[in-house]
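Each in structure tokens, the structures are laid out below.
First subunit A sits with subunit B, and in the next complex the same chain sits with subunit C.
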Partner chain A sequence: MSVAATTDVGVHVKRRGFFQLLFPSVFSGIILGVIGAAVCGIIVSHIVSPPTPDVIDYTNDSTAVAVYAGWTIFFFIGIGAFNGIIKWGFGRKEPTLAEEQDLAGKDQGFWRYFRYTTDHKVVGMQYLATVLFTFLLGSLGAFSIRLEQSQPGALFFTPSTYNTIVGMHGILMIASTIIMVSGPFGNFILPIMIGARDMAFPRLNALSYWLLFTALPVFLSTLFLGGFQTGWTGYAPLADQGGPGQDAYAFTIILFALSTTIAAVNIVTTVLILRTKGMTWGRLPVFVWGVLLSVVLGLTAFPAFFTSQIMVLMDRVFQTSFFIGTMGGSNWVYEHLFWFMGHPEVYVIALPSLAIAAEIASVFARKPLFGYRLMVSGLVGITVLSFIVWGHHLYTSGSEAAIGGPFMLDTELISIPTGVVFLVLVGTLWRGKIWVTVPLLFVVGLLVNFVIGGITGLYLADVPTDEILHGGMFVVAHFHFTLVGSMVFGFMAGFYYWFPKMVGKRLDPFLGKLHFWLFEIGFVGTFSALFYAGLEGEARWQASVPPEYAVPNLIASLFAILIAASVFTLIYNVVMTLVRGEKAEANEWGAKTLEWTVPTPVPLENFEELPVITSDPYNYGEPEAEEATVGAAPAKAELQTEG
Partner chain B sequence: MSETAITATEHAHEGESHALPLHTRVSRARAIVILLIISDVMMVASIMAAGGYLNAINTANAFKVSTDQPAFPPGLIVAIVLVLSGLCYFWWERSVRAGGNQQAAVVLAMLLMLGAFGCEIWYWLALNYTTAPLSAPAYDTYQSIVLLVTGFSTVHLFLAAVVGVLMTGRSANGRLKGQEYLVQAAGYWWYYTVLSGVLIWLFTVIL
Partner chain C sequence: MSEATVPETAGGASPARTEPHHLRRAVLLWIVLSILGIAIWLVVAQFILPTEITDAGAFDNLTIVVFTVLAIPVAMFVWVFLGYSLFVFRTRERPTQDGIRMQPRLGVQVGWLGVTSILCLFLVIWGMFGLYQETSAASNDTLIVQVTGQQWLWTFYYPKYQISSAGQVLELPVNQPVQFEVTSKDVLHGFSIQALGVRVDANPGQTTTTQVVTPTAVGDYQVVCVELCGLYHTFMWSAVRVVSQTDFNAWIQSLGGQP
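Moving on, here comes the complex of A and B:
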């Protein structure tokens, strides 16, 4: 049933029937995507690939790539992604406000989360749900690994299956951590924080999320195609030799890189162009700086990874030889391309997490941020330096030894801006009126773990010590302390901090604190034991634990049970809050950034009138600061004059 | 918010293309195209860096054999058609800036871009590299790079042609009036496609 209602200004708002809601939606997208995948796969396997027996059989790879391409293209047709493009080019009139709002999911209830919805808050929630889901999958992989490594010998998995689990866990967690902040919070919170009504390009915003969505089944299909044995780095030429599961890996990375690139250009444009009046660069919340620099880094670093996966797919499908030494290729090309993304990627993850920590530290210490400019300088310094450190991953690869020195120096230099950021975080908390909340606990956890992760990183930056430690468990423990202990803790801080604004309900603080303590104790216990195992000489990439390292591995596995308990505590807390949680207040924490000035749930266009900013958002303790942060709304005439 | 309710904000937005002032829309269009170009430049740079690196290390002295070099004329023809397409687009952009709209110019630019796309496929076919391998790998590394950059260039030209078709559609429907900045912003991508297409071809020539 479709009913058109006319408002007092003549805006037509359509109501939809059940079938009109399904088409287009994720439902029609999946149906068409599956049909497209099947058709493309059948065509390529039966027509395009040579059926004669005297040629090499690369049917599986070409078919797999055709299936993935068909799935992606037809999914987007099915979900209606191309409708807007066609109307943009060939429509006779611009979309009306009602049509735009309809596309943004106005009055569509819960179903708007399953459509090509353009509202930044919907996209932010879609990202959040997806990130939590992928974290859960990645965690299952982690627990499987610890289970297998709890005793010497093969317990549950064959070495090949174990390799696939490690690789899937690795790339799933890396991808999840790359988007965990800029996806959910960068979409939901950032536009409100800068006083915008939406992202600069709402349709591209939806596109970035749904590209990520299409990558998930492609990635999971590797389980049915024999997995991939290269680990999360997908190193070639091993990547050239694996089964069709490797195609899934490469295609997933291509989709993921497209998604993050589109998200990045959208976020950068939003911050550059849509800041409200008075939101100068010097008043920009630190979180916005963190996300902005993170996506700029991603925008410039990820294309190299994209290129490397195109090369791998070409080697596999068209029999090229980028990485085959006998034909003039080289494995080092892959390593350089991969790590040109691979190391900046750590900072793509770190920058927004550290920025969240700074936001939260200021709010819960009720103090101005200690050294705003210092903090921003530190973040910018990390961004710039992170482009020239990738070579430290190649110390032991056998490439030219002379490059070791410069890369060692660059890598150690990056500890200076990182130390500055750390100083700002500690300085903000120092002598503050600390309000111990769950977000703040996670910030403190981040600081503790970041010290351990950072200092152990110095040993891996130095060529001599890296020669000893590189292939061992020490590296595993180091990067988990950095990525999980520091950055995921930063995400968790943001999750507990913004959850009331995003969902409108208050998470149980007791369960939140239980989650934190289980996670922190379990995490430090697990990876401290692995540090010890690494120092004792245990190599990584072993499906079976050698007997001499049984004790530290058993300790690590026992502590991992606490991490598992923390995950279930979080899930229980979220589910119970969604079912019967208390309603959150509009400004749950008494914070001063703009997202806390709008009602909860946030209206479709965020602000009734766009705010005018008159001071920075960290002026806690200053007289009449409440009034000073956000000025009176401008007259409508003033807004029109701006245009 | 009920279905029929309308806020003061919505009132303000009516007839204003959803509240974004013109100067914001202009900056927004320019910014995103420039950012996309930056990202794409990084990809082109990574391909060229990989090709240059492989050429420099020349593993097993097998990087390239003398018969690998693509024939010169097909690549030159693609480059010439591309440059002509860029000039036509510039002609159109200039007419739009001057307050007119030389639709023939955009149609010609689009057709030339489609022609370049077709020529690029012909260039690919004219490479005459092995197509039915008896053993893997079938192509040496130089051939691999030529195939990669040719494929990359083909995708570039296709995307620019799509942009051309869309811009022609808007122009024909009279939907560029008051939105001349779209012509300029799309022009950035158009000229970049021309430039990168020529540079990529020259790269394969000198490699």
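Moving on, here comes the complex of A and C:
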């Protein structure tokens, strides 16, 4: 556990005893963070004058925000995020190789997962564990909802608890799905895929993960502060009303938006500058395209969400009135800011999952992609169009009837590039030598469900029909079909596909298939029933099911049992594999992208020699091309252009 | 590898004569299943579409029927080719050979883009037509109802009679055009009467005017709040009674108004 001792005075590069292990690590971060939170909270609650009777009590809100800010800043001091900044910053001194490797977690064993480690593979695994954890939390919320909705009337929860559960389920799942691909796979797999030794900004990489980590306790604190009543959308002015639980929501979003923005900057830079020789834009694996476009979209979208929550906090803490109509504000400001993030966000989720599907379809059909350029242009088309469709969430907002037409056009146009993606995926499988594995099953599930999710979107994109469906269960079923049935299925495909590379062990394929079938059948059953309920007119966010919709809700709840069973199957499979799984091969599936050329576990710097690329990674069916994909690095080979 | 050096094989041109003609089979299957799907939908739609008692609502139902009829062949195309691939081209073991190299020919690309664009254009034109139908202005005999949402109830005020409805019941005379002016006292609410095809947000500090609709059938319906508005959002609903003109007049009189 010790790194060769040097005479350098650096904080990390020393002989490591027990205390050197703890400081800095996540534990010192938590300790210092809690102390900092308490101190900031006490100071602010004393500074802020007690409210006069005619003013809303905002002491709780200012204290809550101070506690969260203190927690965040002191957590990062405690985990060592600022260590070495003075020494290395301002260009006074370059970090030595030993120092950099120490930051990257060299020779620290399992402990490196609990430190401010810069290695992209460690960050990827941290993201993966976190995403699985938040998915589990979110699905607990989902099953609570289905339990409550299985019968009319208040069964288990008060309306207040129910609203909080729905809101927590919503925002947890949305946040998890946003990072589920670009977090774990975008960090672990993407740099290897483009032939890089690490991300462009390794320390920002660690920062992006740990910001996410600090957001979790902030978010869960809402449970002890009365929850929040606004659902995942956090619509103001309702958000201006609630108790301090609403501050937890707003601050969580601020931390989360910071985290994803930083991660996005990092991924974009990595793809722009760290591609290996010969990795031209025309040979970039589609997965890299998907993640790149997704984070570019996120870069423009998330600042709007970030801003909206800062404005909500201003309204709540400093008594501004950005969103209070009677005091000169407007709720439409919030709605537009929110949906300017909220719609691109679903494509932030969709693009990488569709790209995973393309990657996997090609590998398991043993065929080149049915149109590499077609696929990339489809993804680019979706990206460009998705900036200008947010208004379809506001058809019935009453803000301006004239926006209906243009946004309807944009929204329906987006079905054209999406159709192109379908053509490529189906065309890739057609006449392949199809090896039916768990990842491929999930890709098939994605295609089946995404058709339904996409088509039901047409009714909602049409302004007149939206007027009988908006705000109803139909919308709920529609976005669950796209986000869960399509995109989470895509994530699951990627999870089963890359697990052997990331963990080095082989997941049990039988349990994997069981997981798939339980999930698919349960999912389609649950949300088909809700489509019906929505068509009949059941509104969203109902704490108690009106009796006339009892039957479809009961059916949905019964099918949800299958989904619950699928979750337990997955957990059992992962745990048993970690305990006693078979060792996986370095190239488990016979794929041709670069991450399968490196040994498992992947060495610290990924490649001994950086590879040179001469073709795109989908050249199946060409025996002579087998070896040509990756050659040894000639010392001064010219950058090859696409030929 | 550039695409030009690869022999471009279209979707189903089979390389060996002994193999069955997969493309022809799949297309046949697709046509049969699409027709079957549309037929089943046209029957099922009779039972599952919501009750609509206005022209606007009926047009919404028609839209759902038409869009679904168009969507079924698209969905079937994906599902049939997917299913066919999985059942016919699967290998029992890990495949030792690669699949057939195929790149989409220009015709396939243009055809696909063309068909999806035409479908998309149709949807937009249909939607614009629907939007246009909603723009008819209120005439003199239009009954105006001012709707105010607040946590967690609706109030209905009839300016023509200068009365507010009691017990949060909205009564409307049958075959009389009606228009709602919707606002809110506190937070966002969603004013929705699905049977009339009316749905608009109640915004604090703003009044939103809905389209003019004419209920054509006597019956009991519901106003539901469709924007989450806090604790008792679930219970923020009101009864809607569409009644005959004489019953409506009697009701107005019972509230102290002059019909």
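Methods note: the second predicted complex is superposed on the first by the 606 of 643 C-alpha atoms of A that agree within 3 Å, B and C clash if a C-alpha of one lies under 4 Å from a C-alpha of the other, contacts with A are read in each partner's own complex, and residues count from 1 in each chain.
By our rule, a contact is a pair of C-beta atoms (placed from the backbone, for glycine too) under 8 Å apart; a residue touches a chain by one contact, two chains touch by 3 or more.
Quick caveat: nothing in here was measured; it's all calculated off a predicted structure.
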Taking the superposition on A as described, I'd like to know which of subunit B and subunit C A:Val451 touches: first, second, both or neither.
second
Examine A:Asp247 and indicate which partner it touches, taking first as subunit B and second as subunit C; both and neither are also allowed.
neither
Could you tell me if A:Asp61 is touching subunit B, subunit C, both of them or neither one (first, second, both, neither)?
neither
By the touch definition at the top of the document, which applies to A:Asp119: first (subunit B), second (subunit C), both, or neither?
neither
Determine, under the contact definition given at the top, whether A:Asp102 touches first (subunit B), second (subunit C), both, or neither.
neither
Go through the superposed model and pick first if A:Glu520 touches only subunit B, second if only subunit C, both, or neither.
neither
For A:Gly472 in the superposed arrangement: first (subunit B), second (subunit C), both or neither?
second
Which partner does A:Gly405 reach: the first (subunit B), the second (subunit C), both, or neither?
second
Could you tell me if A:Asp508 is touching subunit B, subunit C, both of them or neither one (first, second, both, neither)?
neither
Give me the intersection of subunit A's contacts with subunit B and its contacts with subunit C, in residue numbers.
324-326, 330, 332, 642-643
Of all residues in subunit B, those that touch subunit A in their complex
1, 3-14, 16-19, 21-24, 27-28, 31-32, 35-36, 38-40, 42-43, 46-47, 49-50, 53-54, 57-64, 132-145, 147-148, 151, 165-167, 169-170, 173, 175
Footprint of subunit C on subunit A - complex, ascending:
159-160, 163, 229-231, 233, 235, 237-238, 241, 324-326, 330-332, 365-368, 370-371, 374, 396-399, 404-405, 408-409, 412-413, 415-416, 419-420, 422-424, 426-427, 429-436, 444, 447-448, 451-452, 455, 458-459, 461-468, 470-472, 532, 535-537, 539-544, 590, 615-616, 619-622, 625, 642-643
Flag every residue of subunit A that touches subunit B in the complex, lowest number first.
5, 7-9, 11, 13, 15, 50, 54-56, 58, 85, 88-94, 97, 100, 106-107, 197, 200-201, 204, 261, 264-266, 268-269, 272-274, 299-304, 306-307, 310-311, 314-315, 318-322, 324-330, 332-333, 336-337, 340, 603-605, 607-609, 636, 639-640, 642-643
Which residues, counting only subunit C, touch subunit A once they are in their complex?
1-2, 11-12, 22, 48-50, 52, 56-57, 59-60, 63-64, 67-68, 71, 74-75, 78-79, 81-82, 84-86, 89-91, 94-95, 97-104, 108-109, 112-113, 116-117, 119-120, 123-124, 126-128, 130-131, 133-134, 182, 186-188, 190, 192, 194, 197-201, 203-206, 208, 222, 224-235
